[in-house]
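Dropping the structures in below, format is structure tokens.
Two complexes follow with chain A in common, the first pairing it with chain B and the second with chain C.
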Partner chain A sequence: MSLITTIYTVLFYFATAILIVGVARKIYIFASAPAPLKIPTTPAPTTRSGVVYRLLREVILFESLFKSNKWIWLFGWTFHMAMWAVLARHLRYFMEPVAGLITLIQPIGIYAGFGMLIGLIGLFGRRIFVERIRYISAPSDYLMLLLIIGIAVTGLLMKFVEHTDIVAVKAYTLGLVYFDIQPMPEDPILMVHLASVALLMIIFPISKLLHAPGVFFSPTRNQVDNPREQRHLSPWAAQLESKN
Partner chain B sequence: MAKAEFETPELKEFPEIPAIQVGSMAHSKPFIAKAEFQEDLGFPGELPDDWKDKVIAKMGELLKKYRSLQVYLDSCVKCGACTDKCHYFLGTGDPKNMPVARQDLLRAVYRRYFTFAGKYFPKLVGAVDLTKEVLDDWYSYFHQCSQCRRCSVFCPYGIDTAEVSMAAREILDSIGMGQKYCNEIIGKVYKIGNNLGLPGPALIDTMEGLEEEVKDDTGIDVKYPVDVVGADVLLVTPSADFFAEPHVDGLIGYGKVFHQAGISWTVSSHASEAANFGMFIGSYDNMRKVAMRIREAAIELKVKRIVIGECGHAWRVAYSFLNTLAGPFDFLDPKYPVPQHIVEVTHDLIQRGALNFDKSANDHLRITFHDSCNVARASRMGNMPGGQFKLPREVIKAVANNFFDMAPETIHESTFCCGGGGGLLTDDLMELRVKGAMPRMQALKQVVDDHDVNHLVAICAICKSQFSKTLPYYNFPMHMIGSLHALVSNAIQLGTKE
Partner chain C sequence: MKNIRLFFIALLGLVFASLPAVAENSRVPMPEITKGKGEQCVRPADDMRKNHMHYLSHKRDKTLREGVRTKEFSLKECIACHAKKDDAGQFVSITDEGQFCQSCHSYASVKLDCFECHATKPQQGSHDMSHSHNDNDSVLLNKLVQNQNTTDN
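== the complex of A and B ==
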């Protein structure tokens, strides 16, 4: 096994472990912190199924963001939805034979890469040109966008400009899945692409990318508006009651 | 009125997002609570030597106690959606009044001491060391948030700056940096029973005065009872209702509604205050202690129902938190929700045809309605989401002929705070209050210009007090602001139904 293949293989297993353990740990922290008070932002659904519907609108349509700012919504929503299509398309590199559904979205997935890029560039532009957003941006906010732009650009380059040996790539990725390591094509664009993806996976659990699990744990969005009908009491608040 | 040394913002023809003016409100901070008032609430009197350790320890404790805080400090992506949503930012241009920047004051320290990225790459992720300057910034800017939750409507993750502000104030209290206005008032509630420090005998006196006034006005004996054991309804209302204009006209209205519907009611001298300032300072313990008075009064007076008067944050604590803090209320009549808002009571009576009105009594008024922030975004009325917008408007339309809503992006869930909520209704923050009122004044000006509106109705003691003070700064008459139940009071035909 070549040095490059070894490095990337170790990197990918490491990144996967960090991503899974890190996000699981954070979800555990979110889930185990109690929400002692009913704080849904109202008007809020009065039933559990209403809350599920609200959260679905939030994560699929970005409803609140749409209310807030049409430009951020346009760029943000385009980027995220395109990203899901691209991610789904990439599943083909981890299965053989390729599932029917994944084959079906292949054409969308290919062009969605441009959607990702347009969304990201729009968000990056706003971060630079809108004074208020520039004020709240830390270096990591720009770098995060650049990292994902890098992933999108290298991906598009391999698809549309400088083809990589995709059969060999798939052999390598399938090898990762089945712990049967195959040589990785030593194509510089591919190397940048994969290293960036691994880096993104590693920083996911220690960065603002935690908004992904976070939105599901947000009490203003996931609580049912029924405080008069049903008494809501967290464990630590219940302890206060037994004290008197 | 002594005009303060600041410029009242100009009302533009169309709302504008201001250019940022760094540090323009850095000087704004409320008086710090004296040691004795801090200690009444179980907080230290002054900044201890080891305050840094205490701040970090307290932050760690709160992160474990409040999921909201943990999730909100981790989840912000700095997308900027909230940056033009805060009335204090719109009125001052100070970038630290953008909700995300306000949260970042706390988040930067959270990152530095609680996250991997902040511990090892602070510059990269905007993490900062906890210093006295940071602490002073907290004190200043977490007292420029009225906990109105407008930002939380527009955040894609529902991040609620109110939660962050409450946590920050709780941390500040824990190191002796409490705010004078809030903490003195909570002390008064414990000692005397209400925010204004109005003792029992004075309360009885006031209520008797109201009975005479209504008798003179209408010839009808409407009762304004205090501490009547066995009444059906315990009315808990903001203490401003007991004597100050325009609040008291609302209280007169509640009494007339109860009288006409034949509902026996009473206020309690023990719980003669609906407001719960424990929420403003983020202190669950104090909020619970203040809320327990209502339970105690309900038990002592053997009432069947609890009704809350016109008060915004009070209604939030009552509607959303009372059952949690002081429940269960299984000893009350299960036919009624606990608690009920006075608007729900009046609305229900109107629906059932129990009240008669002469709407022309309000014909001199051209009315608009200000949705109070905490009623709009932190509570509900009736059995439908959004009832908090529908019910008050239906009551107004039942008692008056001329009603005009303000621009849609400034009402309902998008309503602007009056500028004085969340424990900021104090003269030492007058500049902030005037500037924070700007977006509401802007929307008001539009309906004044377009529809000759001359009356602004609110259902919150803070809104009413705040507008009484700030309307004149924007060249509106002070008496433009009124209680919703003052309209009911004007129009109700006493003695026409049995």
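== the complex of A and C ==
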């Protein structure tokens, strides 16, 4: 096994462990964080199923962003949805035989690669050209965008400019899955692509990218608007009451 | 601190455990890549794996639009070399499961659309005759193209 294959293998197992353990830990923290007040943003659904429907609209359509700013919604929504298609397209590297649906989505995923890039460039422009946003932008805000732009660009380069041996790439990724390491193709663009992905996986649990699981724990979005029907009482407050 | 060290030891253990014990009997599903009949492909295998689709479609444009019909990168030649025969001595379609084209294309989930027009097996019998005829033409055409290229430069 070559040095580069070894390095990437260690890197990917490390990154996967960090991603899974890190995000699970954060979800546990989010889930056990107290929500002492009833603060759904009104108009809010008055039933539980209504809340589920609202959250679905929020994560699928980005409803609240759409209501607040149309052009940011356009770029943000385009990027996120295109990313799902691209991720689905990449599933072909992790299954053998490839599922029919994943085969069907292959051509869509190619166009989605450009969609992702357009969305990201729009969001990057937002940080630079909108003064209010530039003022509150931290280095990590730019870093996240640049990192994902880098991943998208190297991915598109491999599709349209300088191919890599994707059969060998799949053998390598399946090797990681089966714990039976196969040699990784040592093409520079692929190496940049994969290293950026590993870096993204590693910083995911300590970055703003946690908005992905985080949106589900947002009290203004996930609470039922029923303060009259049912008294909102957090466990620690209930304890205080029972003592008196 | 101790936990972190344990974590890294576990990680290293994982990596070593996943080193292939014997290269031949790997657990990883692989496409069947059968060797062609010839000594060597028209380009190194490495290059063909990455770029065969461009060679083929470039060749198609040259042939179809400019009438330059050469033997190199001819799909017919690819199939003549890579097609397999079954037990009955009949050629197997190159797009059948496990055959040369199909094997990797289904592995990588890439659509294989050459054969919506082109034949998937070598033509038996008549193949050689039509061939020699084409060969003469292609030699002439090659010369023509070379001349044209030199005058262009």
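In this section, the second predicted complex is superposed on the first by the 244 of 244 C-alpha atoms of A that agree within 3 Å, B and C clash if a C-alpha of one lies under 4 Å from a C-alpha of the other, contacts with A are read in each partner's own complex, and residues count from 1 in each chain.
Here is the rule we use: contacts are C-beta pairs under 8 Å (C-beta built on N, C-alpha and C of every residue); 3 or more make two chains touch, one makes a residue touch a chain.
If you're wondering where the values come from, they're calculated on a predicted model, not measured in any experiment.
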Partners on chain A (chain B, chain C) - clash or fit: fit
Vertex chain A; arms to chain B and chain C (CA centroids, nearest 10 degrees): 160
Touched partner set for A:His163, first chain B, second chain C, both or neither: second
First, second, both or neither for A:Met1, with chain B first and chain C second: second
Contacts of A:Phe30 with chain B and chain C, given as first, second, both or neither: first
Partner chain(s) touched by A:Asp180 [first = chain B, second = chain C, both, neither]: second
First (chain B), second (chain C), both or neither touched by A:Gln106: second
Per-pair minimum CA distance [chain C against chain B, superposed on A] in Å: 15
Interfacial residue positions of chain A with respect to chain C in the complex: 1, 6, 9-10, 13-14, 17, 92, 96-98, 102-103, 106-107, 163-168, 170-171, 174-176, 178-182
Of all residues in chain C, those that touch chain A in their complex: 7, 11-12, 14-15, 17-20, 26-31, 46, 49-51, 104, 106-111
Residues of chain A defined as touching chain B within the complex: 26, 29-30, 33-39, 41-46, 58, 62, 64-65, 67-69, 72, 76, 123, 126-127, 130-133, 135-141, 143, 203, 206-208, 210-211, 214-215, 217-221, 225, 227-233, 236-237, 240
Residue numbers on chain B that touch chain A, as the complex places them: 17, 19-20, 63-72, 74-85, 95, 98, 100-101, 104, 115-117, 121, 123-126, 149, 152-160, 163, 284-285, 288, 319-324, 327-328, 337-339, 376-380, 383, 385-386, 388-389, 413-414
